[in-house]
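Several structures are given next for inspection.
The following pair of complexes shares a single chain, chain A, combined with chain B in the former and chain C in the latter.
Right, the complex of A and B next:
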């Protein structure tokens, strides 16, 4: 037993060290385009593992990421943009004075982004988790739209549909990759504790969980708030990577993309969410040629922007019909190293 | 008396599932709740566990009124249950199923689990050892890492009882534990429950249809019919009682 724990521990440490080495290597050796893709993948790993916590592990169907990511992105952007840059970009309305004076460093900005998202998640939890059913999906879908509309209609803070520009580009592979490791480790530690067990119990059978003395409201709220925190942080990283953000960036499509990722990776598997991110984000770059004009056996097609999305939607339908478990099912990567004494069903 | 049910009535719309029922269960007793289908037995369980609020009357456990408490608080007072149709956590291992029973007894916080404090590790070790002991008691420790749904029906029953015992109850409610079992499995389960009563210091309240099983197991029975008590006493006397026979077989004399 002890030897097995040590073996698992060593595999985990090995994986983390391997990732750290890869980040260091990629930063020095890869071209700018590849590093940018890796940055995107790292941020989406953060978002996917946290989205999977509420959707896959706890089994509460939710459509929240775009709302919390938007909050994180705007908070970080407002805290990072220099007063100088702020003074000339508000074109629709004059900014509130407090908008001009808000300033902080990157760490505080990311932390506040996460905390604000978490606080909003906590407020949403009370009406949503007191009742059972798919209310969470409806409420979080609406929440995403509300955030977008608020961003458009409050140009004094957000510069409306023009968005915020000249965000200092603080995000680099060390930040995005490092925080991705932190997010994965934190979420795996939660999943492998009594809190994670309670979340899985809620997913499998909520009544039975209650009959075991589990406070299911608390389990759901913890999962939702943790998700929101990392989505806020991810949003902040995204803002500091893209250097400009606008409300259109955070529409429902954003959530849909994450949904494809976690379903493809296997709902409920944290390492599956990572694999899903790499497949979808990598595949999305690889399939760029689909959006462009193509020469099919001598027949010229015109450019079809969005063709990649059609492919992804088809992939999602295919998974739902034929491979519900996704790549990993509910297993984790480390489970594959377990020596199985008996052939399970 | 460890459990007292005082004048409990439960109405669903215009239908009374339970009418003015009272009974008491003594410590360490195995008390049978029997009666034909629709007699209100499971409703009574759901009232004791807090899933239903009684329309009137009160449930008193160790001199404390339980009315109005949430189900997960009632578990923490020392009342655990199993379900009529087995409800294990299907995606989790047998061990994890039992570990869930320790959920509220584990003393580490959310941040401690994230940073893996020493207390996290020692607490996890403590409950894992304890869970394996309970599984071992039921002869199930060999299956600890199997998925619960991959086990046979009888084994799943045992895991469900083991999981309920993990909450460290004083009162164990068993909802038709012998349902779907063959006679030899039923007898074995009966002996196991009797043994567990001594080893885990339990009082047991059991719903059952199988009268042979009830006879073997219970010290005392309460027979319900259409929500009313028609008999209370020794199981051997219950099967002689004309009213009980009438409830089960129909009343031939008046027809």
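Right, the complex of A and C next:
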């Protein structure tokens, strides 16, 4: 048993060191386009792993990421944009005075983004988790819409539908990749703790969990708030990567992408969420040709923007109907190294 | 002025009610939030549009086409996407429903374009009529009357026919229904057909009222109608109508008296939803699904 723990420990340390080396290598050797995609992948790893915590590990269907990511992005943007840049970009309405004075460094901005998202998640969890999780999906879906409505209707803070520009580009591979490692380690530790076992118990059989004395409300709320925190941080990183944000960026398609990622990787598996991110982000770049005009058997089709989304939704339905386990099922990478002799899982 | 707003609220509320009935019935038998329901309403609107513009049908025939088409689509979505997952964890069912919803929105977006198209409203629906001293378009009178008529048909089916009895039994206990020799899948197909037909009528009314159709029109309406179903009490048809009317009235009346809140119109339904979940999760006329499970 001792030897097995050591083996797992070594695998984990090896994976982290390998990732750190890869980030260092990629930063020095890859071209700008590849680094940009890697940055995107790192941010989506943070989002997917945390989204998986509520959907896959706890089994509560939620559609929240776009809302919390939007909050994180706006908080970070408002804290990072210099007063000088703020003074000329508010075109719709004059900003409130406090907006001009908001200023902090990147670390504080990311932390505040995460904390605000977490606080909102806590507020939402009271009405939602008092009943069984059924309504979480619809409440979080509505929440995303409300955030967008608020962003559009408060040009004094958010510059309305024009969005915020000239956000300093703080995000680089060290930030995004480093925080992705942090997110994965923190979430894996939660999953393997007492709280993680409570979350899985809620997913597998809520009645039995209640009967065994699991506080299901606490387990669900913890999972929801943790994902909200990392989604807020991810939103901040995204804002500092894109340098401009607008409400349209955070519509439902954002959540839908993450849903495909965790379903493809295998609901409930953190490793699966990472694999899913790489597959979907890579595939999404590759599938750009679908939106362009095509030459099909001699017929020239016109450009069909949105074709990718049709394919995405069909992929999602297909996985759910025929390959519900996804790539990893509920297994983690370390499970693949487990010896089968001793029973185990 | 006040009466005018009441009529508008009644008309809008009727449309939410028509769509909410589909949500509440599907939730009753499958415990599924059918995210695609709002998009079926959109398809209904589009079918009406195509019936009149492309096939040149008269309005009533186009409505019938929309009803039949949407009902078939609803039943097909159940057959293809939901039925294989009856024994699966509920989260799989919900994810599939989101997939179906996203597919319908984007397929219509790609093939028919995202720009709103003007809906050809027949002249006799735009005639202004005097009704208790108020001038209003014919459609504002017809929508609530049609809703009341369809509601009574649904209630008649639910409470006076054998099929209705099967639906109510299914909502109560799936296992026992199967033991009684009732084909649960046929009953569920019927529920999807009925709900989708009502959604199509709602979609046509919507298209007449705002005279246009576009692929994303079902998203927000669907969400609000679901909120209405929860407010009224999910699982109860009367509750869905009550919830739809409450949310329709609130939207119209609040904006009439506080025009500066106009931008937040779409948020009211969710505020209602959250309040009802906090204080009376079973809704106004709801059945306690938590207790009836045991």
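Convention: the second predicted complex is superposed on the first by the 336 of 345 C-alpha atoms of A that agree within 3 Å, B and C clash if a C-alpha of one lies under 4 Å from a C-alpha of the other, contacts with A are read in each partner's own complex, and residues count from 1 in each chain.
Everything below uses one rule, namely that a contact is a pair of C-beta atoms (placed from the backbone, for glycine too) under 8 Å apart; a residue touches a chain by one contact, two chains touch by 3 or more.
Every value quoted in this text rests on a predicted model; they were computed, and no experiment measured them.
Superposition of the two complexes onto chain A shows chain B and chain C fitting side by side, with no clash.
With both complexes placed on chain A, chain A has more residues touched by C than by the other of chain B and chain C.
Contacts of A:122 after superposition on the shared chain: neither chain B nor chain C is touched. Touch criterion not met for A:10: it reaches neither chain B nor chain C.
Applying the stated contact rule after C-alpha superposition, one finds that A:213 touches chain B and leaves chain C untouched.
Superposing the two structures on chain A brings chain B to within 10 Å of chain C, judged by their nearest Cα atoms.
Counting contacts as defined above, no chain A residue meets chain B in one complex and chain C in the other.
By the touch rule above, chain A contacts chain B in their complex via residues 186, 189-190, 193-195, 197-198, 200-201, 203-205, 207-216, 222, 268, 330, 342, 344-345. The touching residues of chain A, when paired with chain C in their complex, are 55, 59-61, 63, 124, 126-128, 130-132, 134-135, 137-139, 141-143, 145-146, 149, 152-153, 252, 256, 259, 263, 267, 304-307, 309-310, 312-314, 316-317, 320-321, 324. Note for the complex: chain B touches chain A at residues 49, 51, 71-72, 75-76, 80-81, 83, 87-92, 96, 99-104, 106, 108, 110, 113-116, 120, 124, 146-147, 150, 163-164, 166-167.
Within the complex formed with chain A, the residues of chain C that make contact are 31, 33, 35, 81, 84-85, 88-92, 94-96, 98-100, 102-103, 106-107, 109-110, 114, 219-220, 223, 226-227, 230, 263-264, 266-267, 269-270, 273-275, 277-278, 281, 290.
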